[in-house]
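Here chain A shows up in two complexes: once beside chain B, once beside chain C.
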Partner chain A sequence: MLEVQNLLVFFENALALNDFSMTVKKGEIVGVIGSNSAGKTTLMNTLSGLIIDMAIKERRKGGERITVYGRILYQGKEITTTRPTDRVKRGIALARERHPVFPESSVMENLKIAGYLRTRAEIKEVSEYAFKVFPALMPLKSRKAGFLSGGEQQMLSIGMSLMVKPKLLLLDEPLLGLSPMMQKTLISAICNLQRESRITVLITEQFARPVLPIIDRGYVIENGMLTLSGTGQELMDNPEIKAAYFGV
Partner chain B sequence: MKKRKERIDRGIKVRSGDIFALCSWREMLYLSGPRLFPLIACAVLPLVLDTYWQRVLLSVAIFGLLAISWDILAQSSMVSLGQALFFGMGAYCSGAMDHYWHLSPFITIPLATIMGGVISTILLLPVLRLRGIYFAMVTLIIPLMLVRIIEATKILGGTEGISGLTSLPSHWIELYLSLAALLAALFGFRRLMDSDYGLVLKGINDNDRSVMNAGINIYWFKAQALFLSSAVGAFAGALMTHVYMFVGMPVFALDYSILPIAAVVVGGGGSLAGAVLGAFILVPLSEALRALGGLRIVFYGAFLVFFIVALPEGIFHFITRKYHQFERWVEVEK
Partner chain C sequence: MFVGTVVYALINSVILLLMAIGFNLTFGISGVSNFAYGAFYILSAFVTWMLMNWIGVPYFLSAVLSIIFTAFIGAVMYRFILIRVRGQVLSEVIATFGIGLIILEFFRYLGFVGIEYSLPVFIDHSFVIAGTYVDMQRILIVVFCIVLILLLWLFIHHTSIGLAFRGIAQDERTALTFGIDSDWIAMLSVSMGAALAAIAATVVVPLGTISVGEGYDVLINALAVCIIGGLGSTGGVIVASLVVGFAQRFTDTYIGPHWTMIVSLVAILLVLIVKPSGLYGKQKELEERI
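Coming up: the complex of A and B.
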C-alpha cells in the first residue's frame, strides 16, 4: 500500500532522515519505534506531505532550507511531490503529534471541520463511529475542545483524522503525555478501529511496550536511520530492544 | 549523484571572539563594516544633499525613529496602530512648553520626550492586558479621539494649532540632531534587545504565560517597553514641532501610524535596523514619486505589496543572511 524508498530529509545541513526505506501492506498495523529526535515526526510529516508546506514557508521566510530526496509510493503511484490536501483526498490522514485541535470549537464542531469535504450523512455516520471507538468523547460533545484533557484531545485528534475516511491512518506519537491507563485504552481503541474498518495504520511511538504487542510489523529508527525491522513479536524478543526500550 | 545546496556560516563566532578579530584588517572590517556604514552615511549624507533632499533626510530620520518605536513595541507583543499618539504627545508637550512657558527647545525636547512617554504610557496602561488586534484597535482610536477633544475644547490652540514656536538655531543642528538620535536609538535599543532585559520582552511576545511562570510580572515589563517606545516617538514629535515651528492637529494624522509599519515590513521586523532601512527606502521613494501626482499611491502600494510577497523576511534579514552565510552545492552522501 505504501512504499518508502531511500528517503533523505535535510533540515538545512542537519540530516533528519537518512536513507530510510519501509513498506506498509494493506490492512496492517505498522509501528515505527524510536527515541527522541530519531526522525519519527519528520517521517510522518514527509508521508503526509506537510513537509512540502513547511519547506515553502521556510524558504519564503529565508529560514532553514528543507530538502527531501527519495520516493514515496502509495498504491503503486508516486506521491513524493503531491500536495498534502491531495494526499488526504487519496486516503492518507495524519493525526499530528501533540494532538492539535481547534481549541475554541466544541468537540462536535471539531469533527465537522475535519469532515468538511464529506456529505452531511457521511459526517453523521463517521462521527457516530468515532464516538463508538472513543466512548469517552460522547458526553463531551458540546464542550470546548481547548478545555479537554490531554487524552481526550488525543482521542478527538484521531477522531478528526477518521473524518476524512482514510485508507492509511498515520498516528504520530498517539501516546504522548498519556497515563499508562489512558495509553491502554487508546491502544485497544486503535486495535478495535483497525479490526472493524480494516484500514491500514502506521504508528510512530517512543513507548515500545504498549505498542509492540499490537503491531504486525515494526521498524526501529535511530538518528534518522533504520536500525532494525521485523514482526512485533521478533522485536519484542530482541535483546537490544529489551535493553533500550523495556529497560530489562 | 544528487546534489543539494549547503549553507555555511562565515564563522562570525570565531571572527568576533577575543583576539582573532584583531588579527587582520579584513576581519576588523568584516565586523565593523556593517556598523560603520550607517554612521558614515549619516555623517556624510547631509553634506552632499541639497536643501530639498536634506528636508527629506530629516523626515527619514523622524520616520526611522517612529519605525524603531513601533518595532520595540511589536517585539514586546504589542502591535500598535497608533504611533501618531506618541508622536503627537511629544509634539504637543514641547509646543505647549515653548508657547506658554517660553522654554528653550533644548529643554523642551528632552522634557517632552519624557512627558510624552509618561502620558502615553498612562493612557495605555488600562489596555496592557489586551493582546493583538484589540490593543492595536485601542491605539488606533486614541489619537483620533485626542484630535476631536482638541477640536471641541479648543485647548492648546484648538483647530488653529500653536504657531510661531522657537526653531532650533540652524537647520544643520536639526538635521544632525535627528540623525544622531536615530543612530543612538538604533544602536542603543539593539543592544538593549540583545541583553537579558530584551530577552524577557521577546519572551513575552513568544509566550507570555511561560514568562509569568518564571515569576516575572509581564505587565510591569510591558509598561516599561511601552514607555521606551513612546519616548522615542515623543522625541520625534518634539523635534518635528521645533522644525516646523508649529504644532496642530495634523500631528495625530494616520500617516505617522501607518508609514512606520510599512517601513518595518519592508525593512524586516525584529531587528530595529530593518526598521531604519525601511524608512531610508520608503520616505525618499514617496518623495521621488511625488511628480506622479495621484498615481503616486498606486506605485507606492504596488512596491509595498511586491516586497511583502517576494521578501516577507524583509530586506535587512536578507542582507544579513547573505553577509553571514554563503552557499555551495554539495553531493548528497549516502
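Coming up: the complex of A and C.
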C-alpha cells in the first residue's frame, strides 16, 4: 500500500532522514521505533505531506531550505511532491505528536472541523463510530478540548483522524506523555480499530515495550537511518532492542 | 441631553463594531493585520458611487456589486502579495498599509474630493426616541449590525468553511492534516474581512460623505476597538466598541468635538499599559503584533 524508497530529507544542510526505505502492506500495523530526534516525526511529516507545505512556506519567505529526495509510492502512485490536502483526499491521515487538538473548540466541534471534507451525514456517522471506539469521550462531548487530560486529547486526536476516513492512519508518538494505564487503553483501542475497520496503521514510538507486541512488522530508526527491521516478534527477541529499549 | 447622548453613543458603538468586525475576523483567523482595511471601506463606497452615477446601476445592486468587488480585491491582495510575507508581522503591516495608501491617495489624486461624493440614505425618515431625533438610517444600522453578527456567528459555527476558519485560527498545521488548505482559507478570511469593510461602508457612509481622510479614521477606530477588546476575540470587540463608542460620544458632548478622535488613541495607550493583551485577548504576543 505504501512504499518508501531511499528517502532523504534535508533541513538546510542537516540530514534528518538518511536513505530511509520501508514498505507498509494493506491491513498491517507497522511500527517505527526510535529515540528522540531519530527522525520519526520528520518521517511522518514527509509521508503526510506536511513537509511539502512547510517547504513551500519557508521558501516564500526565504527561510530554511527543506529538500526531499527519494520516492513515496502510495497505492502504486507516486505522491512524493503532492500537498497534504491531496494526500488527505487519497486517505492518508496523520495524528500529529503531542496530541494536537483545537483547544478552544468543544470535542464535538473538533470532530466537525476534522470532517472538513465530509458531508454532514458522514460526520454524524463517523463521529458516532469514534465515540464507540473511545467511549470515554462520549460524556465530554461539549467540553473544551483544551481542558481534556492528555490521554483524552490523544483519543480525540485519533478520533479526529478517523473523520478523514483514512485508509492509512499515521500515528506519531500516540503514547507520548501518557500513564502506563492510559497507554494500555489506547493500544487496545488502536488494535480494535484496526481489526474492525481494516485500516492500515503506521505508528511511531519511542516506547517499544507496549507497541512491539501489537505490530506486524517494525523498523528501528536511529539518526535518520534504518538500523533494523523485522516482525514484531523478531524485534522483541533481538538482544540489541532488549538492551536499548527494554533496559534488559 | 444626557439621554440623547446615550442614544447616540449606542449608535456610535454599533457603527464602530461594524467597522471593526472585518479587521477582527481576518486577524483572528489568519493572523494577518490588514492595514488596507480603511482603504477597502472607502474603495467600496467610491465603487458604489461610480456604478450609480456613471453607469446608472440601481443603488441596491451597485452596493452588492461593490461588496463583491472589494472582496475580490482583498483576495487578490492576499494571493499575490500577502502570501509572500505571511507570518512576518511587520512585513504584513507595511505591505497592507502601503496598498491602503495607494488606494486612498489615488482617489485623492484623481480628484474624488467634495460633498457631491455621497451615497443616499436607504429610507428618508426619522423617529423620536426618548426625546431625541434619530433618523431611519441609524436605526437600520443597528438592526443590520445585529443581523450581521448573528449571521456571522451561524456561519462560523455551522458551516464547513466557518469551522475550517476556527481550525486554522487555532492550529494551522493540524488543520492541514484534515485536508484544510491553509492558503485558501487565509485568502477567504482576508477576502471576507474586505467584504465586511465594504458592508460597513454601504450602511454607514450614507450618514456623511465619502472622503479619503475617513479611510484613515476607520482604520484607527478599527484598530482601537480590536486592541482594546483583544485581537481576534469577538466578544471583546463587542465590549470594546461599546466602551469606545460611549467614551467618544460623551467626550464629544461634554468636553468638545475636537477631542473625539483622541479618545480612541488614549484608550489604546491605556489598555496597552494596563492589560497589553486587551480586555478579552488571548494573544499574549500582542506587543509584538502591533
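Here are a few things to note about the model shown:
In this section, the second predicted complex is superposed on the first by the 248 of 248 C-alpha atoms of A that agree within 3 Å, B and C clash if a C-alpha of one lies under 4 Å from a C-alpha of the other, contacts with A are read in each partner's own complex, and residues count from 1 in each chain.
Just so it is clear, a residue touches a chain if its C-beta (ideal position, glycine included) is under 8 Å from a C-beta of that chain, and two chains touch if they have at least 3 such contacts.
In this text, all values refer to a predicted model and were calculated from it rather than measured experimentally.
Annotation: superposed three-chain arrangement on chain A; chain B versus chain C shows a clash. With both structures placed on the common chain, the touch criterion links A:T42 to neither chain B nor chain C. In the superposed three-chain model, the partner touching more residues of chain A is C, compared with the other of chain B and chain C. Judged by the touch definition given at the top, the superposed model places A:R60 against both chain B and chain C. In the superposed pair of complexes, A:L117 makes contact with chain C only, with no contact to chain B. Judged by the touch definition given at the top, the superposed model places A:Q183 against neither chain B nor chain C.
Applying the stated contact rule after C-alpha superposition, one finds that A:T200 touches neither chain B nor chain C. Of the two partner chains placed by the overlay, only chain C lies in contact with A:P84; chain B stays clear of it. After the shared chain A is superposed, the part of chain C among 39-47, 93-101, 111-119 or 237-245 that runs into chain B is 93-101, by C-alpha clashes. Shared contact residues of chain A, touching chain B in one structure and chain C in the other: 60-61. Only residues 48, 50, 53, 57, 60-61, 83-85, 88-89, 93-96, 100-105, 109, 112-117, 160-161, 163-164 of chain A touch chain C when the two sit together in their complex.
Interface residues of chain B, counted against chain A in their complex, comprise 2, 4-7, 312-313, 317-318, 321, 332, 334. Chain A contributes residues 6, 8, 10, 12-13, 19, 60-63, 65, 67, 69 to its touches with chain B in the complex.
The part of chain C that touches chain A in the complex is made up of residues 83-88, 157, 160, 163-164, 166-167, 170-171, 173-182.
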